[in-house]
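Labels run A, B, C, D and E following the written order; every chain starts at residue 1.
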């Protein structure tokens, strides 16, 4: 018990003190982006990992959140921060519709439907210029010059997201979600309204993803449909964060987010300038290979298969020694 | 001919068969009776190598079947007619028959054997071009047997051929099994329909909870008090 | 819980632990942001090559007052969020004195925002959205004209020579295409041309015939297209297949000037005109040499993208030479005072209208004549007579 | 009226190529139940092969069918054998593991192509690339007509193979009941390898046929993977006839959408059809045609 | 009044009639067995009662309410719990979590749900296995888990689908004991069963069907001696 308290205390201090100690905006930026992915990955995990509904369309909620924030300044002349209040809610409304359509389908068909849904929303955002400005995108002026406010906002969001998900998973809802994942028919015969609870899972997931989107708008100050509704860079990235870190674990997506963002940056910058330049070309290749490796050998992700990793590392060390 | 020697079989971490041993001799009809979930189908699946035993051996005419991949079993002359027929529903009757004769001798004699199968089941000939999925239950069972015959087997294993058939058809199916046997094919039959099978078989084994609990000739078992209570409802 | 800690620590170590190379003495560092991977990589690569070529020449000629010019070319992968982190890294970790590059409007905008906040001079050379220099930002300078000015030469050609009554506009629905089409639509209204059709399309289509058939039905005097190379060649090939014959096909910069356009469209490229920002035959010192050198070295033709990058590199060198020190305010002062000739034409950053620190670059019209891209407008620079009117069916060999 | 007819003609011709892409996918999905998110990327590989053949060895694109199809057969078989088949034994929480695996494979293929060929657009130019035949006022693009012809030919060939050969029958049997097929002596893992190979070879053919019409860059695959889904779901899983009809329906629908709704919405037409079919006609056209 | 009333129930799949005009009742506190050969339509009747399948004709009335068109989970909340012939354990949850999830049907607090789950596990003799993953239970354990989960929803009526199949003789006796103890708590039970020993010992009444139609109904001895039943089970010559 004591040990646990110390652990959490240290983690809290590290998290709170990080931007005060590491003053480089570059590292601060990377951690902010990682924390944003913690939110998206954890939300995806709630729906896919815990509830078993693998979404290939989380960009829908991310993008809707971002656009909700972005539309305040361009149509109402209000601050994009209003999006932080409403982005999650609007995403939930969209999720209601998505759920209504897609939850008629199970398994891979659900995955495909969400994938198509994501592309449809992207095309709508591209073509509905009077609302979204189309590919021109929305740009605003950042409110704060310093990264500190953004850091603490996204930190609070990420912590809230993880805590909420953890709390949910320890409640009736959590039991219901996992039951649905394990066997929908059995769940139904246990008195679980599977449609309702799948939707609840989706709504919570969409809410936090939408909030992450609204944060993105405020932080990056620029969005266009290709960026926020991207199949590759949002929907698939959310899945990668989840599976690399570990699906159906609370901390998996958090770990996955830091790994994926870290890896992406490491490659993009050619191992921080230490490796030859052509390495930077290989970051997507590395992603692909990582995915193949993880699925083959760590199917439950780094956190989920931690025991396996430890055993392997331990064994190699012994043979080496 | 077929010798199953103390096999132990598990699905994942769930053991289903414990030290099951039995034997089928050339020309016999041997029945494996037992309740739902006793491990009868598992036994057949293990013989056809779909499942691998954790320990124990299966020999067919001196050849170790448990070392072979599942698709090589049929070439040894052992054919398994699975529970629920398992036809190819979107293929015609004729194509289903062809599927029984993909390799070796059976392939060479394909059309000869097909004629023979049609002789056995004239109904199938009438429906050669019909999709298997549209056949009635009885016809499907005939086709399943026919498909097995196409591989020119020396041992045929039937998994609950009477399942879901009307009493009249059940009679038909069993007389078919007998007929096949009379043509020189050894038969291993798995059934819940204890009464009729016991009366037609040479020997029988009772499988309970993954273990062989009784064995003997059909009549011996019919007379057994335990069998009567548990399976005949008397 | 413990496993999570360990993993966190490892990841933190990877992300934070590695520090960049120590700054080499005797050099001055400039960050260049370009998409060298991802879907925009093609143009990013051209600009990178041009930058590197210029860098070598500058250093061979003595560098920046004896110091070597060191370009740190960073990959934005064509995504704004990555661009942002790239610039932040360049500023805080690599301590560059200024930033150049900037391809694609969205990434450039996002990166420009960071530069403005950090008081970091940024010389944009390709990102063309008007907003980059109309946002009131003081640290952002732009060498290339904003997208709304891309068609200015075409406008004068239209009013003076072709005098069309009806216009059809097709555009890729990217930021560049959409903005350009909007602007041209406005221009047409101003000049009294009737826009009979205006359609955006998703980049990468195979079959443009449905929309071209509709264009044909409307029978406009000119067809104005804003497309990248491959869409451009497909549009022209399929226009030829459909025997669509307006008075003139006009490309709004981008794809229609690329050598690949001619290669792919073949005979269908003949006599098509296009707006452009640069052409090697322009009477700017070094323009043709640059074109030839680039072609000799990289075995590919170069268009205005390369010229922009090449020119930008010389502007950067010039600015750094003139700057009193490498302090940001001194560099900014030097940028403000820039007045030089480059392969891309004269460069001078001025403030006009809503534009701030914007170079007033001219635009031109080129025409594919007998397989060669010739400058036809404005007349004073023309290398060949503007070919008009044209019997398209004869040109296409029907 | 001309506009309408031209639209339909364009749609049908492009639909021929879509069908080829769809058939390969439907075969893979039908036999293995795998959603192959790397399908378009396999096509991309075939297109690069065609490009290399034409550019360096001056081989006519249609001739490189003879190289690209076997090459992709081997690549597909290799992927199935070494990456997808072993996955069946790996237990994980998400049953969609195989789908995610194909995502990874797609990324790797794309990036390898980018590594070798850079992001440049590549084309194969032929004398007939943009020639067209006119019937009345309606134009028929020659390479598209050729592609359509090839599509018909390969489809017929595939039909013959599936219906009349033991191997073809074995593939169908495995699709319908893989355990029963095993009992009949069919090595089902070998069949999956062959099927993935054939599916890849078919999409390779589509890629080769597209080459004289279209252009090539490493990221080209994604868009076609999505189209392949739409076609497969529209036609019904595992239904070759469905894939053909689905391809043509998609081609025509896209063309009509482009003409009468707007070019920008062209892609969306496909996705809307996709979602509508998933919801209102699960099982696709197969439900209606029964083949 | 009957607890559950099945009135002229008919269910067909694409023209194939699996259940044809079957009517029977289950009264408060009763154990009724539904017997018939394999494929006779017993499980289909279960699936109709909790509306996994929409019914094609007739009606099912539970405590005065028609179940027709009702959602499965609502039927559970009305007080019908069921088990599956092919057991459906929530494999990657522990035994305790399986039952806890089910207890939430009537309870919202996690502590109470867990307490109740523990009670039920004790009742079903599963307490020792509570921390095992459901997938590691042997078949007998899985069957009991299935019952435990159904009991956790506080049913008035329990539908048991071949609970005894695959059990060894000692487990069989335990299962019979368990079913009897469940009845003592006041829960009515409808059983689909194959093993005659179980059927004969526990049933108050038996309803025999074949080919989707009722062939006999009544007290165990009556049905066991019924000619049609013997014929269906044993073939004509024994009749």
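Here is the rule we go by: a residue touches a chain if its C-beta (ideal position, glycine included) is under 8 Å from a C-beta of that chain, and two chains touch if they have at least 3 such contacts.
Here the structure is a predicted model, which is why all the values come from computation and not from measurement.
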| item | value |
| --- | --- |
| Third chains touching both chain E and chain C | A |
| Graph separation of chain B and chain C (steps between touching chains) | 2 |
| Relative to chain E, chain with the most remote C-alpha centre | C |
| A-C or A-E - the one linked by more C-beta pairs in contact | A-C |
| Centre distance in Å when chain A and chain D are each reduced to the mean of their C-alpha atoms | 32 |
| Whole-Å gap between the CA centroids of chain D and chain E | 48 |
| Chain C and chain D, separation of their C-alpha mean positions in angstrom | 36 |
| In chain A, residues with contacts to at least two other chains | 123, 126-127, 281, 284 |
| Chain C, residues touching no fewer than two other chains | 37, 173, 200, 202 |
| Every chain pair in contact, whichever chains are involved | A-C, A-D, A-E, B-D, B-E, C-D |
| Interfacial residue positions of chain D with respect to chain C in the complex | 2-3, 6-7, 10-11, 14, 17, 114, 118-121, 123, 125, 129-132, 134, 139, 141, 210, 213-215, 217, 219-220, 223, 254-256, 258-259, 262-264, 266-267 |
| Contact footprint of chain A on chain D as seen in their complex | 35, 83, 86-87, 90-97, 99-101, 103-108, 110-112, 114-115, 222, 226, 229-230, 233, 262, 264-265, 267-268, 271-272, 274-275, 278-279, 282 |
| List of chain A residues in touch with chain C within their complex | 4, 7, 11, 22, 24-27, 29-31, 33-34, 123, 126-127, 129, 134-137, 139, 141-142, 145, 216, 220-224, 226-227, 233, 251, 254-255, 258-259, 261-262, 264-266, 268-269, 271-274, 280-281, 283-284, 302-303, 306, 310 |
| Chain A contact footprint on chain E (complex, rising order) | 50, 52, 71-74, 76-77, 81-82, 84, 88-93, 97, 100-102, 104-105, 108, 110, 113, 149-150, 152-153 |
| Contacting residues of chain A [partner chain D, same complex] | 48-49, 52, 54, 101, 104-105, 107-109, 111-113, 115-117, 119-120, 123-124, 126-127, 181, 231-232, 236, 239, 243, 247-248, 281-282, 284-285, 287-292, 295-296, 299-300, 304 |
